[in-house]
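Before anything else, here's the structure in question.
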Amino acid sequence: MVQQTFEGEVLTEPVVVEREFETVDMNINIGPQHPATHGVFRMVLTVDGEIVKDAVPYIGYMHRGGEKLSENLDYRGALGYQDRTDYLAAFNSEWVYVNAVERLAGIEVPERAEYVRLILAEFNRILSHFMFMGAFGTDVGYFGTAFTWTFKERERIQDLFEAVCGDRIMYNYFRVGGLAWEPHETFVEDSHWVLDQVEVGITDVDELMTNNEVFVARCRDIGAMTADEAIAFGVTGPMLRASGVPFDLRVDEPYSIYDRFHWEIPVGERGDVYDRYLVRLEEMRQSVTILRQALDQMPTSGPIEPERMPARLRPEPGEIYMRQENPRGEYGIYMVSDGTDKPWRVKMRSPCFHNLSSLRPQVLNTYLADAVVALGSIDIVLCEVDR
Amino acid sequence: MTSRRTPVASEEPPGNEPPPGSIAETYREVMPLVDFDAAMTKGDDVALTIPLESIHEVLERGRDDARLQMNLLRNQTAVDWEDRGLEIVYHLYSIPLRQAVTIKSWLPAEGAVVESVADLYPMADWAERECREMFGIEFIGHPDPRNLLLDEDIDIHPLRKSHPLAPIEMEQGVDVEFFTKQYPPPEPAEEEDAADETAAAAAPERKRVEDMTEEEREQRRAEQAERVARARELAAVRRAERLAGAPPAGGPRPEGAAPPPPPAAAPAAAPAAAEVAPSSAPVQDDRPPAPPPPELPTIPDAEEDPEGRAAAQAERVRIGRELAAARRAQLRGD
Amino acid sequence: MEEGVTATQVVFWILAVVMLISAIGVVTAGNIVYAALFFIASLAGVAGIYLILTVEFIALVQLLIYGSAVVILILFALMLTRARERPQALFGRSRPLGIAAALGLLAALIGGIVATTWTTPESSTAFEPVGLQAIGDAIFTLWIVPFIIVGVLLSIALDGAIMLASPDEDDN
Amino acid sequence: MVLSEFAGVSMPDWIDALLRIIFIVALMTIMAFALIYLERKILARFQARVGPTRTGPIGTLQSIADALKLIAKEDVRPITADRWAFELAPYMAFVPVFLVFVPMPFTETWFIRDLNLGLLFVFGVLGLNIVGVVMAAWGSDNKYALLGGVRAAAQAISYEIPMLLIIVAVVMVAAGRLAVDGDASAAGSINAIVGDQTTTPYILLQPLGFFIFIIGMLAELHRPPFDMPIAESEVVGGYFVEYSGMRWGMFFLAEYTALFLLVVLASSLFLGGWNWPFGADVGLGLQIVLTFVKTSVLIVLVIGSRALFPRLRIDQLMSFSWKVLLPFSIIQVIANGIILAYGGPDWVVGLVSFGLLVALSGLVYYIMRRKQGEGTRTVQTTPATPRVITAPEVTPVEAGGD
């Protein structure tokens, strides 16, 4: 059987004409292949000496048509795509999709499953913020110290995830209505042990970076965004809170069992890179307090999936915009069902997509080094931006 | 894809009116002239459907009015309802007043044109660019209407329902036949539904393995072994066919259409307690045989005659679409 | 006293040839950056000559000031303005005029050298080396006035440079 | 033929010079290999990992493995690169660094040449290193290299001046102590300066000098927190981005050799080199050990700064040099001048210098605090008051939850 080649496919690379300026402006291509872009993202900077005059971002390298493919799979089948959009916080993305389907189909989630989901999601938030600390440290200039320290902690959390659901990044552990299987017996004790290590890790990163003169000099007043500017760009999550807006979906529009815990939301002042770093650092500590409370309140036994689950899920027609607080901001699933077993429309509202759209005003008229730091502080995950 | 009943939220039965004092009232109070068709969505949000021309005004007043203060446009997308046109959706949220609303409006399927709100919410800049390239909606007054995620000169709108997945892949030269044969895609919805409901209803209460008695467990293990053996044997039969190149049982399968369901493997949920069909008999495919696959024009090389090449590609796409529509009609039995 | 060619004379002639070539290179190099590199070579040659005259202090200062600072600034400026190869300057209309001026200068120099009577030092070896202390005393006692004048001059030049370089109000 | 004596054997002058040059190259390459290995090991310790362990007993043959890899790699030259500038750059960056080795004193008698103007020679020659860097940047016709080269040139010039002024201040102090019947011209040679530090190392006399010299050295070597020219997150390797194989190896070798030599210079100028605690009469072996102990302490400090400091932006780097280091070094020179001119005792010089050091670090700390905002925590936390959700008061559920 002849394997047909893709001769029909014409790859048209968007051609950027590099004009040989007579003046000094140069077109620097922070291209898809560059250590500062944390993934496949391209930014063409027009640079005059060191000052950035213009920045044109290019995205779409990771576009896989997740929304179109979800429309052709039944409700349970499209869960796999959620892990792969925001692979640094896969539990949170899965949780949003699963909650959306449950709300549509009117399925009640048992108590114990709700607790396990919340615990795993909060652990995933800490995991994702550790990743930010490591990657941001490398952007600012720590030659790998921040990276290895944070990855030491990430390993511990990922070991816990591996024990619970057998995988370190693409968990695929939540099911519509509950969980795939029971977490292992010593889940609570292991979680407490991991939390103790994580607290030590957070203080390590704090001491390494927060009061370091060079770090403060590099991060203060870079890419500052006022509250209205941030809201106008649809920025949500730590970046919005760093600009002084205490908007946290776990508090403003509480979902699942977040109303049973007491914690605090870190709110920044100037909305610059340093505040974003501080907000994320504080958020990790708050997640630890939530986890402590959740682990204590968790019922020790009980069903993890509803008794009566239809073989083929067919929610009656309707629509829902389910949104939850992901580590990077508000991750929403707008799902429209039309009575059949396949969703009619699945729109994934990705926080990084809108946070990234606010990059250009932050970068204009700054130094090249600041542009890289500002890009790093947005903490983008390109798979989620392009879906 | 199979067509389906297409009721939609906004045509909800009248009983779905939002409770009094909800945000629908405030919107009607702020903008009396605009007729809001309010409905409750599943996530206890209010969905207001407004006429197309008043979108810009509603969003602007919504943002500026003290009683609404919708300052966060959190999501802007569109839904393609095939024959009934496109529906554009704005999700708004007011951070100071902690209230959310969904603004929707209907657009014609072809030649949809909307007034851009990028001047009100900079966030809409990228959202509308993506909406434009995915649905083909034109936004008047958009500052930079380039493609965002797809290539510049690609003129297909992937998220439209009329953009079927299989023919396009086939046009791009992917041997859909090879893939579909090996991993049968999920069955078409219609016929399956009836069978499943009855099976589910009739299936005995599923007992958990722990509280099964010993001999029940023994019997369950035997069934599983039997099922595994049959599956392995079936795979061997399939491999033999493919190597021999002979058309698989049930006649040649049309390209791009859903092949017949896998042989009568018991549905995972409830193993049929009845006697197991002898595995040696070939699998019966009771579905109407599909028309033989048409021979597709080969795509000539780009150098010889570029226009011939474009014509061949267009031809293949047309055949693919036509074929998909025909198979869909056939499956629907009309 | 022509007894054998001493080592220093050999080194001197090598350096002289190197300097000559690099000087010509500075003028005729098509690429401006090549000209700058030849310029460094000629300055290093001058430092070599000072070394032969056993006046290390001036040689090292020459290397330090010209070798690294001045030339780097020239290269710095060249790189920022991305000067492309522009050989027109070499083959412009005024080329013959330039050659004539160069030859005239050469003639004057040779005439001057031939006319003066060089006082041959008693011993053919070099003078006794001048210690650092002697140089220091000379600068700060005998030649203090020119030293201060040069200092003032340089600081004025520095201020002028700052005024030129700082972006004036309208364009930023 | 002037017979000169090298390790007890008298031989013609030029053979002796040749032998010394061979000795320089041999020792430098060995030292560079050792430094590469040590850096990776020490850096690993800072980063909670182990460092190379596969090659050789505990990874000791790692740098040899690197060298072999570099030799095996192909020396690629981009077509649009300027041929001569690209190929001559590594040598131009490599040779001056080896010349700096000449006046370095390892023991009382072990040095290549005790130049009378040792210090001036070191900086005169080190300046040429930057020419090599700029040639590489311009030659490889690559935007990143061009940016890296411009940054390297700006940084080199602006940090050389405070270093030179501090060396002037140190020489002033040395001249004061070494002056025999009014002629202090011996103070120029490094060995003489080390010889003078039998009782008090100059770090006690010039603490500010030591501080500014270390900072200048870090900037001269493009090491963090001053490694903007080779910042991998912005200009991806700076001026040697287009080099590969042995050419890149040469830049790498030059960098580590310069690191070793400047650290030896710092330890001999400020920590007393081979002389300080035990004086000159003790055996040569102990003096060598002393020199290398002090050098390794400073090397660990330099490598640690690579692990623990992010990168300064180019304009902060320049303003730090021109607005902070330069004024302080000028004040230091003037203060030394006044005190020594009026015959002030040594401890006064030390005290004034220490005062200046405290003032400098206080200024830097103040700038950071003001920039950081009032308290370190500009992020307050508001208690999470969820919207009114009538959730049942949950008592911890013991058994049988369903």
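Letters A, B, C and D mark the chains as written, and numbering starts fresh at 1 in each.
Quick note on the criterion: a residue touches a chain if its C-beta (ideal position, glycine included) is under 8 Å from a C-beta of that chain, and two chains touch if they have at least 3 such contacts.
A quick note: this is a predicted structure, and the numbers were derived from the prediction, not measured.
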item: Central chain of the complex, centres being mean CA coordinates; value: A
item: Result of counting contacting C-beta pairs for C-D and A-B, higher pair; value: A-B
item: Cα-centroid distance, chain A relative to chain B, in whole angstrom; value: 25
item: Centre distance in Å when chain A and chain C are each reduced to the mean of their C-alpha atoms; value: 61
item: Whole-Å separation of chain centres (CA-atom averages), chain C against chain D; value: 30
item: Whole-Å gap between the CA centroids of chain A and chain D; value: 41
item: Touching two or more other chains - residue numbers and ranges from chain C; value: 80, 82
item: In chain A, residues with contacts to at least two other chains; value: 49, 252-253
item: Numbers and ranges of chain B residues touching at least 2 other chains; value: 98
item: List of chain A residues in touch with chain B within their complex; value: 1, 3-9, 12, 14, 59-60, 63, 65, 67-69, 72-74, 77, 100, 103-104, 228, 231-234, 236, 245, 247, 252-253, 310-312, 314, 317-323, 330, 332, 334, 336, 338-342, 344-345, 347, 349, 353-354, 357-358, 386-387
item: Residues of chain B that touch chain A when the two form their complex; value: 1-2, 4-9, 12, 41-43, 45, 47, 71-75, 77, 79-80, 89, 91, 95, 98, 100, 102, 121-123, 125-127, 147-153, 158-159, 163, 165, 171-175, 178, 186, 189, 192-193, 196, 199-200, 267, 269, 299, 301-302, 313
item: Complex contact set, residues of chain D against chain C; value: 82, 84-85, 115-117, 120-121, 123-131, 134-135, 137-138, 146, 149-150, 153-154, 156-157, 160, 182-185, 187-188
item: Complex interface listing, chain A residues touching chain D; value: 26-29, 34-36, 47, 49-50, 110-112, 137-145, 147-149, 152, 208-218, 220-221, 242, 246, 248, 250-254, 257-270, 274-275, 278-279, 282, 286, 296-303, 367-370, 372, 376
item: Complex contacts: residues of chain D adjacent to chain A; value: 43, 46-49, 143-144, 146-147, 150, 224-225, 227-228, 231-236, 306-316, 364-365, 368, 371-373, 376-387, 389, 391, 394, 396-402
